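Shared between the two complexes below is subunit A, which has subunit B as its partner in the first and subunit C in the second.
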Partner chain A sequence: MPKIKFFARFKEEIGKDVIEVQADNISLKELLENLSKDYPKIKEFVEEGLVAVNHEVVNDLKMKIKNSDEIAILPFFSGG
Partner chain B sequence: MNKSMLRYRRQILIFGEESQKKLLKSKVAVIGAGGLGSSVLYYLASAGIGEIKIVDYKEVDMPDLNRQILYTEKDVGRKKAEASKERLEMLNSEIKIQSIDKKIDEKNIDDIIKDCDVVVDCLDNFSARYILNDACLRLKKPLVHAAVEEMRGQATTVIPGRTPCLRCIFPNFRDRRMELPILGSTPGMFGAIQANEVVKLITGYGETLVNKLLIIDLKTLTFDLLKIKKRKNCICQGVGT
Partner chain C sequence: MIKLQREDFSIEEVVNEIKKRSRNIGAVVTFLGVAREFSRGEKVVELEYEAYSEMAVKKLEEIREDALKKFDIIDVIIIHRYGKIDINENIVLIAVAASHRKDAFEACMFCIDELKKRVPIWKKEKTEKGEIWIEEHP
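Right after this comes the complex of A and B.
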């Protein structure tokens, strides 16, 4: 089962470190859309943050997700 | 070891005298002399970067003092460009420090960075970061990025042509018009990481954050080093190595 990990502000807002989901042969985009039905904040996180699969930032959400994948949704920062 | 090299003795033990000479011959632009800039500038001046350009247009304000450690209570109201130069000259009188009291824009940025070996992003907003990113791509200057908020932050090093640029990693970031919460030690730590990157880029010693994004959450002490890739159709795709 793919794991979706949340970091920093996103983790605090969603109230969980990790969500495990059933996902078979679907794209990352579909997975995140399915998940946002239960967790509406996810849509906002994806727009505002970074999505990484297996510790690699992904620029294209069309990629297919495998059961062993670890997905991370992370905010980024702008101050100096 | 001659007298002027004596102050660098402890770091020469790491990377040797030839590398120290490279640092002394180098020129680095630090864009922004706030929280990140304070830390970066102290460490670059003490490491013996031969010429440092400080670029900032703001004055020191009392709420800056929780993190902008270049300044003291007596500097409140003074131009950061002037006060930071004065402070760094007290730390290392043998290097050249140039201060530029300007807000960067598309028209002036190329002139500011064109003669520099490395550019350091210590800005506090993404509108200015995109201007700096694009100029570094145009002039093929390595850009050491960091940004912070609360007790968290991120850092990466952009080498035009070889790595993703800031627009690849953070496309279309819209700055929020608000006072961001920040604890001083956070930009202190990220500025130290940026100074480390600059020294490594110039000396060739160690590994840099090339093609990697470091994200640190000091609240939970979580460190993540993510791989990053260029984004299709990004403006940096046309930049040769």
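Right after this comes the complex of A and C.
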């Protein structure tokens, strides 16, 4: 099952650091839209931050998601 | 060498470590990021850093590799801390060793600039008025 991870403000606002979902051969966009039904905050997060798949930021949400994928919804960074 | 760690680091140990890499090193430039007391007009009591560890280490490695390709340098060490950090404590250290100072300075600047853009680490500022996660829009 793909995992969706949350960090920093997003983690605090959603009250979880990871959600596992059933997703078979659907796009990242569809997966995020489905999840937004249970967690409306996710739609806001995607607009306010970045989405990473397997530790790379992705700009095109049309990519297909595999069961082994690790997705992360990330606020803009503030390290250093 | 890349490290993401909770504990503090010794700048002297890192500089000694990088100097051992080659007898051809003529310059070591370091950047030390320190927790500042005033931010956006507010008095900061404490900072807390959180990292997406696997991705942060991967991105730090990539920045190091990019710097080694782009500049005439010998090695790069980057250490970033996470967890609670008090005012005046060390946050991040970048050490760049080269034969000559110009490339070492430029590569060091490149590494800290890229770190801020590419590495998933977040800072929470705890001030007298409350706590806030800082998010820097690129």
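Going forward, the second predicted complex is superposed on the first by the 76 of 80 C-alpha atoms of A that agree within 3 Å, B and C clash if a C-alpha of one lies under 4 Å from a C-alpha of the other, contacts with A are read in each partner's own complex, and residues count from 1 in each chain.
Everything that follows uses one rule, which is that a contact is a pair of C-beta atoms (placed from the backbone, for glycine too) under 8 Å apart; a residue touches a chain by one contact, two chains touch by 3 or more.
All figures in this text were calculated on a predicted structure; none of them were measured in a lab.
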Looking at A:A8 after the superposition, I want to know if it touches subunit B, subunit C, both of them or none. Which is it: first, second, both, neither? both
Using the superposition on chain A described above, determine whether A:F77 touches subunit B (first), subunit C (second), both, or neither. both
Once chain A of both complexes is superposed, is A:A23 in touch with subunit B (first), subunit C (second), both, or neither? neither
Report for A:N59: first if it touches subunit B alone, second if subunit C alone, otherwise both or neither. first
Scan A:L31 for contacts with subunit B and subunit C and give back first, second, both or neither. neither
Subunit A residues contacted in one complex by subunit B, in the other by subunit C: 7-8, 52, 55, 72, 74-80
Contact set on subunit C toward subunit A in their complex: 33, 49-52, 54-56, 58-59, 80, 91-92, 112, 115-124, 133-138
Subunit A partner contacts - residues on subunit B that touch it in the complex: 32, 34-37, 121-126, 129, 146-149, 152-154, 168-170, 173, 175-176, 180, 182, 187, 213, 215, 217, 219, 222, 224-229, 231-232
State the interface residues of subunit A toward subunit B in the complex, per the touch definition above. 7-8, 50, 52, 55-57, 59-60, 72, 74-80
Residues on subunit A engaged by subunit C in the complex (per definition of touch): 5, 7-9, 12, 48-49, 52, 55, 72, 74-80
